[in-house]
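The two complexes that follow have subunit A in common; it is paired with subunit B in the first and with subunit C in the second.
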Partner chain A sequence: MTAEVITLSSGKGGVGKTTAVANIAVALAAEGVKVVCIDGDIGLRNLDVVLGLENRIVYDIVDVIEGRCKLRQAMIRDKHLPELHLIPAAQTRDKTAVSPSDMVRICNELRPDHDFVLIDSPAGIERGFRNAIAPADRVFIVTNPEVSAVRDADRVIGILEAEDKRGPSLIINRLNLTLVKQNDMLSAEDVLDLLGIPLIGIVPEDQSVIVSSNHGTPVAQDPRSRAGQAFRDIAKRIRGEEVPFLGADKQAGLWDRLQKMTGRR
Partner chain B sequence: MDDLIAAIRIKGLRDGLLVSLPEGEWDDQSDALLTQIDGRQAFFQGARLALDVGSQVIRVNEMVELRDRLSERNVSLWAIISASAVTEQTAQLLGLATRVSKPRPEEQQSIDAGPVSQETALYVNRTLRSGTRIEFPGTVVVLGDVNPGAELVVHGSAIVWGRLRGAVHAGAAGDVEAVVCALEIVPMRLQIAGEVLQSSAEGVDTGPGMAAIRKGSIILEAWQPAGTGQT
Partner chain C sequence: MGWFGKHRSGLRAKERLQLVLIHDRTDLTPEELNALKDEILEVIARHVDFESDAVQIAVEHDGRSQRLVADIPLRSVTRRRAE
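Showing the complex of A and B:
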């Protein structure tokens, strides 16, 4: 078993990286594969809250790096899913406490015993972002159908290209089909058209995402949630299954476009 | 003095511009640099500068003064590279970097202070994404899109085999004959020499087009198979 390390990044903050990491991790673990999430946002940790594990933290990633505990000790097991673990960020330190080579070392230590390592990158394109992408085998760019988020995503893709990272994939989060139909929101097609990278998921706008994040039970565990379904689909695609995109039938031309994109790779 | 200006070497880095100063007195060196920047304002506008000063020993107040004079010109001093330990320490004291990453081969664009032949073009075989800025004292050909947030500043013409949605300044050194061509022209900003394209929302936004200066202002017109020759 050699884990694939996947980093989720966006450039802009607040587009839903942490939510996406939590939900994809939960969806993967629910299928029985071994998943570790690493919160890369040192000093502003919140992946633990979204996963509902904040009161179980004893050690964090900086303790591991500075040798105060073993890697195993900093890995918190999920309440419901025995295959899911979280390595929390330190809340009282900042991103300079971690270096890109520390991240590579930790991921290499995790690789033999797990299937996937998911890293939640902080917003921005500075040190914390560099740390998060250093060990990545694949990078998922999370964006919203908003001009500013797409602009930042474009910037991040440019940086990844310069770093020779394998081509990143795109998650379009919080798409509101009603607004798209009224021409008040960029469509998934508009976003893809500009960024020109393959799509791995479209997550519809869904209020239950915020509610469940506050409760610490990611929406991917809710079989009725449409956003939850979208995250479960992403998990399946990560594992190589072909799953049609949610709402693709409602947007004329999108499906053709997606097939073209896949063909282009 | 003119010799000093001509001997300044400028190189594109991943994180900004690397400027190497020739040997000389510090006052002459810094004056030469500032003269160079004043002479090519469009090129240096908003640039991040890494300065290679060789073995020159620079005192704190001198470095501060240069930094201030650069920022007056909207150029930010980001790194000082020096063979002198004293200068290096001074730079670190001011919070400047003292090492820069090696330029990656594809992004490395060596630009000499001298003019580039009209026959020479820089060929860029990728999409320019947000945050990318390419400056070239000649013509640039891009095979790919120029996305919003990317900038192209060229002394010659800009030819984009793709969609032009970022900012472009052709003829940045004043060449009014320069043109901008793209398969789709919906720029955030389009300048040729001293002129700015007004109301870019109108005009050619679906097909291939060319922008050129006609009678003192920029005209954007659809590309026509016949009679495309620039007058």
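Showing the complex of A and C:
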């Protein structure tokens, strides 16, 4: 077993990175593969509350780096999914407590015993972002169909191109199909055309995301949620399955056009 | 509301983003781009006659790469002689 390290990044804050990390991790672990997620947002940790694990934290990633505990001791096991672990961020420190080489070392230690390591990158393009992408085998860019989010996504993609990382894939989060039909929102095709990278998922805007984050139970565990379904689909695509994208059954030909644009043919 | 009124805001968003991304990716402001176009035409005018009303110079994008595309229809010599 050699884990694939996947970092989720966006440039802009508030587009749903942490929610996406939590949900993809839950969806992967529910399929029985071993997943660790790392909260890369030192000083502003949040992945713990989205996963509902905030009361179980004893050690964090900075404790590991500074030698106060072993890596195993900082890994919190999920309440429902035994294959899912979280390495929380430190809350009382800042990003300078972690270096890119620390992240590479921690991921290399995790690789032999896991299938996936998911890293939640902080917003911005500074130290915390550099730390988060340093060990990444793949990067997923999370964006919303909205001008400022797409612009920031483009900046991050440009930086990754300069870093010689394997080309990133795109998650379009909070797509509102009603607004798209009214021509009052960028469509998934518009965003793909503008950013020019392959698609890995389209997540519809869905109130159940907020309800489940109130409970600390990611929406991917809710079989009725459309957003949850979209995250489960992303997990399947990560594992190499071909799953049609959202709306493919409603809009004839969309699937074909998306496939063409994403270069899957 | 005009052509891009409130019912077409998605299209407006795409058009605005296309311009912003060209600037972000090339570090070329709209003013610099206009100056560049003027200079290109100035040089070409030294060598050949062209239909200045039909000139099109724009930055186009293809996936993640940008290209400066110029379409400059030249005046034919026979027409120039007839004038």
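The rule we apply is simple: the second predicted complex is superposed on the first by the 256 of 265 C-alpha atoms of A that agree within 3 Å, B and C clash if a C-alpha of one lies under 4 Å from a C-alpha of the other, contacts with A are read in each partner's own complex, and residues count from 1 in each chain.
In this text, a residue touches a chain if its C-beta (ideal position, glycine included) is under 8 Å from a C-beta of that chain, and two chains touch if they have at least 3 such contacts.
Every value quoted in this text rests on a predicted model; they were computed, and no experiment measured them.
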Please tell me, clash or fit, for subunit B and subunit C sharing subunit A in the overlay.
clash
Once chain A of both complexes is superposed, is A:Ala162 in touch with subunit B (first), subunit C (second), both, or neither?
first
Considering only touches as defined above, state whether A:Glu109 meets subunit B (first), subunit C (second), both or neither.
neither
Have a look at where A:Glu126 lands relative to subunit B and subunit C in the superposition and call it first, second, both or neither.
neither
Subunit B or subunit C: which reaches more residues on subunit A?
C
Return first, second, both or neither, reflecting whether A:Leu194 touches subunit B, subunit C, both chains, or no partner chain.
both
Contact-wise, after the overlay, does A:Glu66 reach subunit B, subunit C, both or neither (first, second, both, neither)?
neither
A:Gln182 contacts which: subunit B (first), subunit C (second), both, neither?
second
Taking the superposition on A as described, I'd like to know which of subunit B and subunit C A:Arg151 touches: first, second, both or neither.
both
First (subunit B), second (subunit C), both or neither: which does A:Asp94 touch?
neither
I'd like to check the shared interface: which positions of subunit A are touched by both subunit B and subunit C across the two complexes?
147, 151, 154-155, 157-158, 161, 194, 196
Name, in rising order, each residue of subunit C that touches subunit A in their complex.
6-11, 13-14, 16-18, 20-21, 24-25, 61, 63-64
Subunit B contact footprint on subunit A (complex, rising order):
147, 151-152, 154-155, 157-159, 161-162, 194, 196
Sites on subunit A touched by subunit C in the complex
146-147, 150-151, 154-155, 157-158, 161, 179-180, 182-187, 190, 194-197
Subunit A-facing residues of subunit B, complex:
14, 104, 107, 126-132, 145, 147-149, 165
